[in-house]
Amino acid sequence: MAELIPTIIAKYNYWIYITLMMIGLYAMIAKNNLVKKIVGMNIFQTAIILYYVSIGVKKGATIPISTGGHGAVHEAVHAADYLNPLPHVLMLTAIVVGVATLGVALALCLRIYSRYNTLEEDEILAQIRKK
Amino acid sequence: METITSIKPLLAVLVSLLVTPMLVSSRNPNVREGWTFVAAFIKLAIVASMVPAILQGTEIVYTVAEVLPGVAIKFKVDAFGMLFALVSSTLWIVTTIYSIGYMRGLHEHSQTRYFCFFAIALSATIGVAFSANLLTLYLFYEMLSFATYPLVAHHQDQEARSSGRKYLLYIVGASIALVLPAMLICYNLTGTLEFSKQGIFTGTESHATMLVLLLMLVLGFAKAGIMPFHSWLPAAMVAPTPVSALLHAVAVVKVGAFSVLRVLTGVFGIDLLARLNLGTVICYLAAFTVITASLIALSQDGLKRRLAFSTIGQLSYIVLGVALLSPKGVIGGMTHIAMHAFGKITLFFCAGAIFVATGKKNISEMVGIGRRMPVTMVAFFIGSLSVIGLPPTGGFFSKWYLVQGTLQADQWPMLVVLLSSSLLNAAYFFPIVYKAFFCTPEEAMFENRVEEAPIWCVVPLVITAAGTIALFFYPSLFLKLAELAM
Amino acid sequence: MDNIFLYSSLYLAFLMVLSLYRAIVGPSVLDRMIGVNAIGSKTTVMLILIGLLYQRVDMFVDICLAYAMLNFIAVLAASRYFHKRKGLSDEI
Amino acid sequence: MKIIGLIITIITGAFLVYAAADFPAWADPNSPASTYLSPYFIENSMKDTSVPNFVTSLLADYRGFDTMFETTVIFTAGLVCFILLRISGGKEPETSHYRHVLTGVTVTLKKGHKIPESEDFERIDDLWTPPDLIIKTGCRLMIPFIQLFGLYVIAHGHSSPGGGFQGGVILGASIILLAISHDLRTALEKMREKVVAILCPIGVSIYAGTGALCLLLGVNFLDYSALASVLHVDPIAARSHGIFMVEIGVGIAVMTTMIWIYNNISSAGKYNQGL
Amino acid sequence: MFWQIDLAILTLVVVTAVASLMVKDLLGAAILFGAYSFLMCLLWSIMGAVDVAFTEASVGAGVSSVFFVAAVFRTSRRTKD
Amino acid sequence: MHTNEEKNLHHNQPEPAQTARSPLCFFPLLITFIMMFGLWLLLSGKFDPFHLSLGVISCALVAFLSSDLLFPSPILKGKLTVFLRWLCYLPWLTIELFKANLHVAYLVFHPRMMDLIDPRIIKFKSTLDSELGLVTFANSITLTPGTITVNVSLDGDFKVHAIDRASGDPLPGEMEIKIAKVFRKV
Amino acid sequence: MDILVCILLFSGLFFLTAGSIGILRFPDFYSRLHPAGKLDTLGTLLALLGLALFNLQHFSLGALLTSLKIMLIIIFVFVASPTATHAIVDAGVRAGLAPWTKGEKRR
Amino acid sequence: MSQQYPALLVIVPLLSAFAISIAGWVNKRLCFPIIVTALSVVVYASIGLLLTVLEKGVVIYHLGGWPPPVGIAYYVDHLNGLVLVVVASVALLNVIAAKKSIEQEFPDKAGPFYTLYILMVTGLLGIVVTGDAFNLYVLLEIAALTGYGLLAMGEERAPLSSLNYLYMGTIGACFYLLGVGYLYIVTGSLNMVDIARLLPPLYQSRAVLAAFIICMVGVWLKMAFFPLHSWLPNAYTHATSAASSLIAPLVTKVMVYVMIRLILTIFTPEFAFATLALNNIVVWLAVIAIVMGAILALAERNLKKMLTFIVVAEIGYMVGGAWLGNRAGMTGAILHIVNDALMTLCVFLVVGNIVYKVKGYAFENLQGLFRKMPFTMGAFVVGAMSIIGVPPTCGFFSKWYLIVGALQAGHYGFMAALIFSSLVSVVLFFRIFEICYYEPFSDHHGHDQPPEPMDEAPLTMVVPLLIVAVILILVGLYTGDIVNHIIKFAIPEGLV
């Protein structure tokens, strides 16, 4: 138990990301409303983004923008001074993908609503079954 | 043994396949059947042209494509295959003539479809005959199964369709469920599927494995009709008679028997079977089928059904002959393919001719029919003699060799089986002939006026009946081929 | 000075909790909107504070500016909802 | 379903927790992620591309290919929304409403009647409500500044956070703001549907075209250094300019897509009335 | 990275996430989701991911909650869970 | 509201065609451009030719796109004066804002807050006529003690929500006068 | 200088606190808008002002521009906040929410 | 130019997608020529690439001129060279065949449809060709998003099934992304080859284990592997025929490719099969997938839905084959990617033709089709034979390898499942043949029944279909060459 606590503290970001992700996953599985599922999906995606951004964090480093100006190569840049930019780049892409998915999902919801006049999954299924 | 590479086997297979587009596209029935004849004759010519080379003991080989490591789609013409190919391509011509008479006589529908699948079935049959390995054999075997399905279900009514389903279920089900895995196991064990005289197994495999494999392969070729995989055959008799004739007396069932023989001789090898004493199992299986089928045949009233059960019994002769593992027995089994084919096809032709002329299907309705259709019934008599195995018909030779085989193998029970089954054969054929000719005028159901079936129906059955008798006098070609195959 | 900023940010986070309470509990959607709006204004300050903590405020100020510009779009959209769909609860 | 969801969630979560125990500690400067590849980017970004914002150089140059597809994803989303929702034409409604701009008088016309083409009348729809004066004026004054800021973000992606994507979103948001505060019709007058639909692929094409230009100049796809011969600068500056061109493409694509998606979703594809 | 703020905001994020899923009104869920985006933006700027934070600020504040509201406007606010 | 067809056609009398592209039209563009460029300089902080040219392009773009939002009518006469006066109004507003906030903060922290507040809605009519004036007034009301503008119509009808009696009473009062001064005709 | 910054920052925080508590304590939606609309605006304004001043400590052109940008933020907040407040209250009116009057239960 | 093939492969369809999109607003008739030209170029490039690979070995293409692991690189080896050709040619054949049905089903949105179509092809080609784990994710999303759009354009239930697909697909893609993140946190690299180089010392790490499992689960979700398959049948059934005949053959197959790539390249067979003892479980899952797919297909009275369940079963084949953990099984799985893509294309094109002419695909609609559309049904027979696994159609040979693999691994359950599914396929397809052929039937000998007039689908639909049917047989006959010259090199030596 004694050595467990430092582990827990040292990685709390990871624990939180897992929590968030599970919240999203649970919402996607268990929620009945289609838009709620989309909210869950977004939370799920953000959790992964959180995970990636957590990878990029480095103690004692500043944001990944060079303090030197634009253009000239004045001084040597020390890698240890800057955060890891790679996860940030990846996550920009992931956010964009998230927005794109969101748009498409909402468009689908609109189509579904115009057909069934409800967004509750069980009601839609009941309507389908009745036919 | 010499081998020649030649494209002829492939051509022989493809001829009837290539003619199908012509069949489909021709609008005029005469043109269509003309194409069928052309194909039939070309096929016979190609097959016959290979006979001299085979008789000299060479083999003709052609590889199409190597599809799997060590296994190719490959044709090999040897004596045994040649025997079978010769029989089927000869009988195709006859059957074509007969079909024309039958189909036109009854104004059947969908004749184009019929002739197409007929042609495809023939291709597959020749393919089976010439295949050089188990995979090629399996390929054409399946092709045959699927090509005959539309023929079986030709009438399209409820009964035909359910029989078709039954047919397909038995044949394809057995081949996929038993042959395919067995083949794969063989491949996995040995790395090859090529037929050879010595068999492909090294002999180090366990006895149990071999037994299982053997049973899977023998039973899996359900077209051979070995019990308990026989019940498709009587069901398939709903098909038009020429189909029953060619396919259920010649092509389909013989393909089954041929495949079993190929497996026994080419995959396992006689020596290995003898060493592991596996022949006996097959023997008893076949013997059981022979007796049971004959007994059932006795009780059948439908002519075609009786013939069907007779076929089941006769097929098992073939298997039995090879399973005796004695040289004479093997020769007997192989020649029986040819002899039985000629005899049985005559019988079926007769049944069809009766149906065309009178519309009767059951034996009990045929009292006195000999007076009306003497030619047909004489041919029927000759055919039944051949099937029973009495001179002066070709069937005598094969049965003779079979009996000798049992003696050679010291299998006395089998001798008893053979003889008793011959008696049974006689018991279910002769009453028909007897009632057809010798009955009191009161009993006769037909007028005493000769009114045969159409000429297109009668000519073929006369030819085959004549062939049956001719085989008694000139059996040398088939005997030679069978000996070469040993 | 850094400590002051750090603790101010922490304090802001605490204030967010208070606003969040309204956003979560708020009996009507409009109360939630108030709560969220309040969180937004605190976020603006906090972003600058973080920039100062990183000593790169020139970088964070852009984010903050964008944030201040766009923050109220969602609120406007939600209020437009009530313009066109009258009634607090939806027609069922 | 709730129980199943809970079970799946708990199992997955437990598995992830189990796996996360082997991670390097959070914010560890010696973790492989921080020591293997990232030093290269940090140390060479300035040398290779002369872009101080490592994220930008990484985004648009080292991993420019990813970003190209990211833009394509956005374009795809816009297109999918369009294809799913847009109802072109549709049947003429029973009644149509017109509003006299100067007096605010609303006129209702029966089907088939038309009003003479005039700038005094604008077509409105049955859900139409007059835009609120305060919101309208406030947004009217803010929108140009938001747009300028969006452009600024695109232009200064090299040296400060931001870039094509963020700037594009801000630009798009400004038009969306216009649609919210005024009317969808007003926004559509600024950005017609056809303009949006054509600008969007053009934006992505600028990106892909820059890459293809490099390919035509004889080097690999997206290797901006080849642009040096076209722009008459040294390869390093050429990379920087290449990144800039790419960012413009991204900006255009993202802006138009955001507008496109909003237009389609808020009007359910009919384009007659927005949020 | 400043772990104190980080931890505080992380907690808030989780609470907001749960809340936006529990709210029995889709418009409310959309608005709370907006708050979730704000907090995420903060979180990322705390972790030093400025570009990500910028994107989240513009997307979360400007676009995605508007999309949600627009979709809810076109459909229905009603939800059973 | 819903008049018949005949009547509405009546509205559409052929008016004297406006000079479609009078030289005045370029002034809004120009002024927008200048404002934008100033803002650009502030934002950019880089004064090399490259960034400046980018700024020029961007500002031109914004001016082209949105100048009609900033200046709905092309008449600019007196706008500058109004703007300067408006700036002078701001400090006063800030002080008011302070007072207001202290008031509300007092309310917030008062233990018996519930007794102190007495929300009500006040209606009055303002004499202001310019759009911007109304908006400024409305926003000022919102920012000053205890009052929030609920609704404004173009005619100047105000609805204001006041938190207590004290904050609601002085309206429209001094503030309106000051704003009217700002937006009076030049 | 630091002291001035601190005073501004803390007064800003004070107003923000008041705003948050006000949101919690006030009885209904309309009255909650008062702290939300006003206190938060002023709090943000003051805090940002303080931070802008702090940023000017090491004076340079960049720092000046940054501070000006912060001022720009203040202006935006100044414009946006009343607009947003108005939007919310307008929504409340359109939704038909009756204002709380003295003596009712808090909502 | 030949060294630029890998780039062309993706760039040409991408740029033409934008061109089509613009052309859709300018002149709609331009769309179709552009897409056909672009796809032809892609087919040409992919074949050229495959030949180059056969001649010179692995082709590596550095995007942006940055060498991996710094930049993104394309690796084309024997495995993806083969899959590339399949993807490109399937897409080309399908677009030609689909033209008429697109014009029939949504004439006003043909332009956007083509754009989505070619974007999807771009995504799939990119997935196949890329050597970067994260790039794969982005491309995955492109393929997925276009897929959602294409699938949702169908009948009235399509949006709902498409939305379900979206949920599942997003979870899948996110799981994959998370797996990549796990790899990144322990190795610091994103390049597949580089990760494979860095991984061996970390084989015991729990993070790597988790990464592997998460990636696998994600990919399984996307390919609709058994317990996660629930979205697939509805999504594919309700889609338009043009879309389903693109997506059904390609998407799941490409996902299987991704799985194989994960096993073979990133994690290496030693880790996947030796360090982890999951083989058995997965193969049993595959067995259940096959059996369930077959049984569920049996219960359907609707041609298209039945085919989708067959797709589910086929996925079981491939996953099971890949996880048998031996050479033969892997060969079978890779071969089955090719074969299954072609045969699924064949049957779905048939469905497309039927829908075009008959406007329905329930069993009742199929009566008398053999007379009405003989060529279409002829091709259907070939496709069906291939699915059943009848030689010499190609389906037999992949099944052969799979069973050999099962035998070598001693996994008789898998073998039994394969055979069972073949048997069920026989029942399935012959049931349909019966309906198409013999119904409406008459109990008398039906000579006077007037034959229905022939009403074949237009030539542009039939010709590609017949080409596919011929390809099915040709691929079957040349299986040996494909295996010996391509697949043999695609599997690393380490796998016995």
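Going in written order, the chains are labelled A, B, C, D, E, F, G and H, and every chain counts its residues from 1.
Here, a residue touches a chain if its C-beta (ideal position, glycine included) is under 8 Å from a C-beta of that chain, and two chains touch if they have at least 3 such contacts.
For clarity, every value in this text was computed on a predicted model and none was experimentally measured.
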Report the chain whose mean Cα position is at the greatest distance from that of subunit H.
F
Looking only at C-beta pairs that count as contacts, which pair of chains has more of them, B-H or D-G?
B-H
Farthest chain relative to subunit C (centres taken as mean CA coordinates):
B
Centre-to-centre distance between subunit C and subunit A (centres being mean Cα positions), rounded to whole Å
20
If you average the CA atoms of subunit B and of subunit E, how many Å lie between those two points?
78
Measuring centre to centre with CA averages, how many angstrom lie between subunit A and subunit F?
39
Per the C-alpha centroid definition, the whole-Å distance linking subunit E and subunit H comes out as 37
What residues in subunit B touch two or more of the other chains?
none
Going by the contact rule already set, what residues in subunit F reach two or more other chains?
39, 43, 46, 138-139, 149
Multi-chain contact residues (two or more partners), subunit H
134, 138, 141, 145, 148-149, 152, 159, 184-185, 190
Within their complex, subunit G touches subunit D through residues 76, 79-80, 82-83, 86-87, 90
Would you tell me which residues of subunit C are touching subunit A in their complex?
54-56, 59
Subunit C - residues contacting subunit D, complex:
58-59, 62-63, 65-66, 69-70, 73, 76-77, 79-81, 83-84
For the complex, which residues does subunit A have touching subunit H?
21, 25, 28, 34, 37, 41, 44-45, 48, 51-52, 55, 86-87, 90, 93-94, 97, 100-101, 104-105, 108-109, 111-112, 115-116, 124, 128
Subunit F contact footprint on subunit D (complex, rising order)
98, 100, 103, 105-109, 113, 115-116, 118, 120-121, 133-134, 137-138, 140-141, 143-145, 147-149, 151-152, 155-156, 159, 178, 190
